[in-house]
Amino acid sequence: MVRLEGLQHRFGQQKILQGINLEVHRGECVVLYGANGSGKSTLLALLSTRLTIRVGHYFLDDIDVNRYGDMARDRLLFVGHHTHLYGHLTPVENLLFFADLRGLDLSESRLRQAIDAVGLSRSADKPVQWFSAGMRKRLALARMLLAEPLLLLLDEPYSALDAQGVGWLNAMLNRYLESGGAVIMASHDPERVAALPHRPHHLARGQLSSMALPGESEPC
Amino acid sequence: MLKAAYRIAWKDVAGDLRRRATLSSMLFFAISVLVVFQAAFEPDRKEAVRLLPGLLWATTLFTTLVGLGRVFQAEEEDGAFEGLLLASVPRGVIFFGKWLGNLLLTLLVELLILPLTMVLFNVDAWTQVPAILGILGLGTLGLTGLGTLLAAMTRGARSRETLLALLLLPLTAPLLISGVQAVAGVLQPDGVVAPWLKLLIIFDLVYLAMTPWAFGWLVEE
Amino acid sequence: MNILKKIQLPLGLLTLISLAVGAWYVYQAPADFQQGGAVRILYVHVPSAKMALLSYLFLTVASVLYLWKRWEGADIVAEAATAVGAAFTALTLASGAIWGKPMWGTWWAWDARLTSMLVLLIIYKGLMVLRHSLDDPVKGARATAILAIIGGVDLPIIHYSVVWWRTLHQPPSLTAAENSSVHISGPLLPPLLILSGAFILLGLYMVTVKARQIEARRRLDALEAARMHPDE
Amino acid sequence: MLKAAYRIAWKDVAGDLRRRATLSSMLFFAISVLVVFQAAFEPDRKEAVRLLPGLLWATTLFTTLVGLGRVFQAEEEDGAFEGLLLASVPRGVIFFGKWLGNLLLTLLVELLILPLTMVLFNVDAWTQVPAILGILGLGTLGLTGLGTLLAAMTRGARSRETLLALLLLPLTAPLLISGVQAVAGVLQPDGVVAPWLKLLIIFDLVYLAMTPWAFGWLVEE
Amino acid sequence: MVRLEGLQHRFGQQKILQGINLEVHRGECVVLYGANGSGKSTLLALLSTRLTIRVGHYFLDDIDVNRYGDMARDRLLFVGHHTHLYGHLTPVENLLFFADLRGLDLSESRLRQAIDAVGLSRSADKPVQWFSAGMRKRLALARMLLAEPLLLLLDEPYSALDAQGVGWLNAMLNRYLESGGAVIMASHDPERVAALPHRPHHLARGQLSSMALPGESEPC
């Protein structure tokens, strides 16, 4: 469903990615491992259309994303290091804003349900700026429950989550994968990824290589 | 589509407008600008009429400039701007939403400052109030349009405030001139208004046509 | 950018020759019976005013090309044209002010031409500052190009707003001085035409030099970056 | 101790002052303010002399206000302000450093705008320049002192810019009045200056004594 | 060396900490576990003096921190969720600023050495704003090498670090503990903490309880 062909990227003169090829099918989860600064977040930013692809091709569900960015944005969801949350809004308001931006017509009870599902029901009407790191992360991830995207891009989704949060996330991702979604995630956390069926890849020197034995050659 | 724009504007100003305190704080803001003006220039009554158009426009410009720092402030925290750009609405709509929020607050200040000035400086032109407000509003459209674009452009720039003033003031010179002249025309019995109004409208059209498009270009990375 | 390298020398020679011819004519031309020797400032003032405006046109075209075709060369030329245009604008203002002191008895007046020239200078400066205030050079280039285009559309509006503003109110004392331009004729005209041409050549030459300098600097930055990231 | 204050100020303005562009961009900022002033009020030569003190002070106030948005801007990102507070220097020193950076840039603009105004508006008072600069500088001390405190106070507040203006303008009204009167006094042959100067100095002393202490209280949580 | 007696904290009416007692000696590492929003970061903020203690006592090296905050700040170092870095400065400049604030007189070569030690030598002169999440984290942690504090407060120090970074951090912490420093850290990551000698504690309902068997009852 996702196809990358010869993707390259550079910042100024610094070449970060040099020819990434990747294919991800429905129901598949690809995990990107790699050293700090190796370009995982950059790759995800390209996939999310935040960065424009200058060299290479990117197809999502047979859409040429380089040309039809708007259509692709409809079909994918990106949750990065940043939570994209507004501190002065409550969780309900944050999700409502998100839904409106995506053109989703959701009732408030649907939103509260999503907030419950990530264990934040007691803080549903408190401005997000006072939230703890893990609570913010949970709320950011709660969007996945609402958006039902084709492709999910996650940058270090496990960081800041407690054990319960990790359990919840993995259960959610498993359900999502079974329903035919695709996931590409960057992580430093093979122990937590282990609960998911996934294909590990290693990013180094701008090249992506699939890791044959996830349990052994993984970087951690 | 428009709902998204409306939402963005709502998010930006809701927090301000929901609390009634904003209205009164805007009022006091307007008053203190007038007090400064009085302390700085001490105009007598006749002078006050002559300086009124300039005062109104200088305040508008100042309010806009001060407000521009805020337009993208909420988006600075925690990658929120990035989040906006990843929404599937066209970028023009995002721009429109941002512009709308900014426009509303600036119009509010204008609405407050006009009657205040007239009372505090004894200017007797109450019948002209709607005309003057119309002119101010017309100018504010283009002013905030260009301002919002510049605010987007200078996100994260060094000494951003100076830069904003440096870019906005010369480019809006025609607006300022025609706005001042139009208001002055309204205040004088035999004043000329129509050509200045035309200029204002041309300016608005140019900016409101160009800026959403420019914004789309700007945020491509 | 190879082309710049090729044309630089011939362009420079041509500029030099035309400037020399113009200067000779100026030397030959009679002093104005009214203005005395000060009239010679005209030969710097008017051509540089023309170049100040022409540079902006050049800048707008380069900016459009950059946004449209993404040629880095267009961006380099735009950056060079901004600096050159600012220089000519400053020269116009300075020569005008110096001229104004003996002619009008003041360095500065809020006349239409003067005001719009001052605004043009601020716009040039704003573009230069904007480029360097953004940490990411690509963002800086793009923002500057967009703003240059907006400025290009805005300049005529600025010009006319200022003209109407000033001609509707001011007594024509200042405009009268400018009306003297109508009287430019006879022996004054040929050197003015030649020097206008010479200044256009000079402007092009300056853009060429500046563009090559910018290009070299960018290449140097690139080498620096490559040195810092050898294996990437 | 003082080194830390110096470092904080340095960090804030170094990026600005290191590049030579800042000086010239401040210059053009000043010019564009004057263009706006001309377009808004169209003073003739006699009027220009009368309005000069007010113009200078209004510009100073405006520059300060615009600069205040920036004082703590660098500290907003990534908990940097928190980092400052966790340093082992007394909070007064942190305040001092922040104030210093702000003061420098405002003084710079004043230094530029005075001769410019005199050239562009044909005001012939070159011998008074040092006196006027002294008065402006004196007022700026207290103005930026209070301003820096208010900027710290309103960190993260909604519609912060309006709030800053709302708080700063009335509190500095006495400063503004005495500053305007003092400059006006200098410009007139038989003008009164001394009492206004005294008022300015009292104002400075009060604010500069109070603000570092107030800052210490403010940042306790 | 660190002694907490009956520490309480509330935000508005929400009681977060209700009577925390803890003693930490030289060379000891205490790890705080607990669910998202349980108050770990709040406790660390109190210990770092960022939040003022209203109820309870806190002694550091026999200094009553409630009264002599300035002296305590000299002796401790806090590295939180936020990196306290200035984006427009380079790593060298950031560390220099930090050193000046703490009154440390360090040569530039000493700073570069610290930057080398965290594997950032190649990016030592690049503005920090372009750094990847892990690179920022490394730089923030590099301060530990410079400051030589008595007490180190770390909030989720392992997040965003790659395997090499984790190894480096643990080696560093081991050395620091051996030299007589004390560490209090909050973490969701028992696998990575395992490489350190430590005492695990669990924070729940505002109470701290020591966990007898770190390997078994840990929350993850």
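As written, the chains take the letters A, B, C, D and E, and residue 1 is the first residue of each chain.
We take it that a contact is a pair of C-beta atoms (placed from the backbone, for glycine too) under 8 Å apart; a residue touches a chain by one contact, two chains touch by 3 or more.
It should be emphasised that the depicted structure is a prediction, and the values quoted were computed from it without experimental measurement.
Asks: Tell me, please, which chain's centre (mean of its C-alpha atoms) is farthest from the centre of chain A?
Replies: That would be chain C.
Asks: Between which chains do we find the greatest number of C-beta pairs in contact?
Replies: The chain pair sharing the largest number of C-beta contacts is B-D.
Asks: From the mean C-alpha coordinate of chain D to that of chain E, what's the distance rounded to whole Å?
Replies: 39
Asks: At what distance in angstrom does the C-alpha mean of chain D lie from that of chain A?
Replies: Their C-alpha centroids are separated by 47 Å.
Asks: How many Å are there between the centre of chain C and the centre of chain D, using C-alpha atoms for each centre?
Replies: 34
Asks: Measuring from the mean C-alpha position of chain C to the mean C-alpha position of chain E, what distance in angstrom results?
Replies: 57
Asks: Give the residues of chain D that touch two or more other chains, as numbers and ranges in rising order.
Replies: Expected reply: 15, 25, 28, 32, 35, 39, 42, 158.
Asks: When you check chain C against every other chain, which residues touch at least two of them?
Replies: In chain C, 119, 122, 125-126, 129, 135, 165, 228-229 touch at least two other chains.
Asks: What residues in chain A touch two or more of the other chains?
Replies: 81, 88
Asks: Quick check on the complex: what are the chain E residues that touch chain D?
Replies: 48-52, 70-71, 73-74, 78, 80-89, 97-98, 100-103, 136
Asks: Within their complex, state which residues of chain A touch chain E.
Replies: Spelled out, the residues of chain A in touch with chain E are 11, 34-37, 41, 81, 119, 123, 130-135, 137-138, 156, 159-166, 188, 191, 219-220.
Asks: Provide the residue numbers of chain D that touch chain E in the complex, in ascending order.
Replies: Those residues of chain D that touch chain E are 1, 3-4, 7-8, 11, 15, 74, 77-80, 82-90, 220-221.
Asks: Can you check the complex and tell me which residues of chain C touch chain D?
Replies: Touch residues, chain C against chain D: 106-108, 110, 115, 118-119, 121-122, 125-126, 128-129, 132, 165, 169.
Asks: Could you pull out which chain A residues touch chain C in their complex?
Replies: It comes out as residues 12-16, 205-206.
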